[in-house]
């Protein structure tokens, strides 16, 4: 069965900025979906910020294996309920690909536990992405490096946790560098951050970018869901694996009052 | 100058449960502070949930190098403003030692980006902490392992990100294991999670536990603060490091409306 | 096309020890191969220490995607030429699954850069392997834990580098713990160390062990080979990506005499 | 007591190449030692390839806390006995700072378990080292980045294991990037690889380079030595921590013949 990818688009600048609209007549989400659809193993659809529940209803997420997230100007308009829902899905095994300015999305910052800050400059400069981890599945089929002639610069330090693996490092014409492809696991969910994708440039028409996106969806896919990771269950003494005799003082039920309902103790 | 450690205590069960009160007549925070004070390089003080701003005012945090956090039953009573403040301090370089049931604190879950769930059992069983990383500064002066005859069991899977390093792994009498000492960096802040510390047992009277706590404060200490990590500044083309000529389409000021104030773009 | 797995067996104790021979009438390598053959996506064959070139000729390795290594008493009998050859294959993308006492093989120690020491006890005790990373592909289809009623104990500290991810942690009846499933990447090659497998016990007849082995072969598989990682080429100034004018003093050809032939400078 | 740093220099090109000799009239090792001596907490001395045992006798290493290694053209002239000795010292807790072309030293490749290859170009081009991990002790006191106007280029992929943490990433004028500051732990020993340092340029006269070297020595220092990590001892059933009754079949003493003497079983 194909991997069910869902592209989430903010879909704002396509409506307001002429250059963006010309770059992406079918929307950025539409163009990203088009890149993914070149892989017959991926079944792709799109939703946007403007959809009810931002398109991320429980039902929709039930049918999603890997979510791709492009947002920029309206991170604060994303409802906290939906943010929490997406994070919980990732913890249970849904893959997540965070694109470019999505580094400042509530979902990404929430999953990283850091501000995910960086330096930036919008000057249409050259970016060269070097493959520093050629054996990683996300780099499959790429050369030593690939270039994007027009990109926004993101500069280090990128305040994110040390990744599981660094896949790409970018060189920028203006003198900066950036760790442009980073992998994480949070709970049972695989996360990939991929730097390029400024809306005023034709990044999502680039063949190498398409390859990376398709590779990353295949890499992030996990067919299983781990609902058990959402709970902190008590393991009663009576059913302990090894024989165990209860000892020592205990908390009372009253002591437990106030604890997170359904969570622990 | 001594490292300024601040012990944050929930200070609830000491007031309500006789066994806890007897174990910790000066409060758990008080006893933890006492362990730290054995190190002349550490200057220690305590605050509790009940203090104004939970004792974590801006002024107080200005004077704190490493914060230790023990909480259990009242995680939800900790004000979100304070949670955010503590997280921001960690990102800028304050050390954080999270103790036992603090795994479910808002601060820890927020910094991990995961639910930090686990299995648990309160049966006064034997815990044996093995040093799996003998060269780590936090394990300095310990033997191959140390035992706590009475402890609460925490069992895997512990849903936290893969750590920078695993320092301890626990064996439990009832048949479980747990990664009991884990290090992280978030922004410029060092974080150590240390598993033992159930309130109905005398854990914070144990000599090895004291050693680990003192080691961890020394390890987590970072004299510098990195306020620059809290911003995502624009680097103007005019002041680019390498010569750069601006090209391509741009977003307008109107496009930037709605972005996070003071944060990015 | 199926993944081509090759099981390497030391094949000594099967010949000398009655219990081992009874456990593994088709050899340990034969039994491991049998477990792998349950996966239709895996095409498996076996070689042993006694074969010419220990069965690991260039031709044979050309047809190998993932190598599984079981050795114990004769690590020193493995020719250094073959050790180097296997390591070079891993660096270029061949997967490697190191089993049990293979932790002391020259190949594993060479790839880890550490002595890979541990404590051990042969007492037929109970081992319980906890899944600490339930979303990892190698843990797919397993429960929270699985048990091996008879196993040799390996105890921490296991002197190996911090892994990419820890998949299993073992509890032992006698009181020890061990990180029993560890992943690494060296060059383009995926490596998995899996602890159980003592020859006097029926470990390789266990259904869960079979599942882990099949999962690990699927996880370690990389169809590509990266011969370019075996070289340190000069990038001439004349063909630099960005325009570059040579400056400063240089080494002479004579200075380079003595350098590693074909390697660097 | 001061940290005892020992600088190991190949000391060849200083003797043969006029530019190198002019850059480093007291030898590269001498100049590196001079940079370290600015820290009153560091007591520094030097040895070279030409010394008996390359200056790395057991007695000398007994008095060494952190070893710095600069070599380039004569890696193959370093005796394997000394290489093994140095690696064993690192495993037991001696710190190691590997400089520039030392990436191809036997010691570094042996500790990494990888070929440590890369691309290179000697063109006196500009290198800009960005601090990607500003809270790391090795980056203490540095700005956002520092520049070396004349350096040799090293380009990715650098075939080394994923580090514990990446501290620096370099931008090169000719278009390449490189992970220029990487930390590892092998056994109980801390390892830092620091990229700059080509002998025909005045790199070791740079104030920021000096700061990094001093920081790295302080970071790598571990006062303790862990000889126990060099052994794989048997833990007899009779002295098991938890009560244990021996069961199952066993290997015989004859089965153990051929095993690594003094190592395991």
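Letters A, B, C and D mark the chains in the order given here, with residues in each chain numbered from 1 onward.
Throughout what follows, a residue touches a chain if its C-beta (ideal position, glycine included) is under 8 Å from a C-beta of that chain, and two chains touch if they have at least 3 such contacts.
Just so it is clear, the model here is predicted, and its values are computed rather than measured.
Asks: Starting at chain A, what is the smallest number of hops through touching chains needed to reach chain C?
Replies: 1
Asks: Copies chain A and chain D touch; is their interface built from the same residue numbers (over half shared) or different ones?
Replies: same
Asks: Measuring centre to centre, with centres taken as mean CA positions, what chain is farthest from chain B?
Replies: C
Asks: Tell me which has more C-beta contacts between its two chains, C-D or B-C.
Replies: Of C-D and B-C, it is C-D that has more C-beta pairs in contact.
Asks: In whole angstrom, what separates the CA-based centres of chain C and chain D?
Replies: 26
Asks: In whole angstrom, what separates the CA-based centres of chain B and chain C?
Replies: Centres of chain B and chain C (C-alpha means) sit 36 Å apart.
Asks: Got the chain D residues that touch at least 2 other chains?
Replies: In chain D, 128, 133-134, 144, 155, 157, 162, 164-165, 175-176, 185, 187, 229, 241 touch at least two other chains.
Asks: For the complex, which residues does chain C have touching chain B?
Replies: Residue list for chain C touching chain B: 128, 130-134, 144, 155-158, 162, 164-166, 169-172, 175-177, 179.
Asks: Inside the complex, what are the residues of chain A that reach chain B?
Replies: Chain A reaches chain B through residues 12-13, 16-20, 23, 72-77, 87, 91, 101, 104, 110-115, 117-125, 150, 153, 155, 157, 159, 161-162, 164, 173-176, 184-187, 199-201, 229-237, 240-242, 244-252, 254-260, 263-265.
Asks: With touch defined as at the start, can you tell me which chain D residues reach chain B in the complex?
Replies: Residue list for chain D touching chain B: 93, 128, 133-137, 140, 144, 164-165, 185, 187-190, 222, 224, 226, 228-229, 241.
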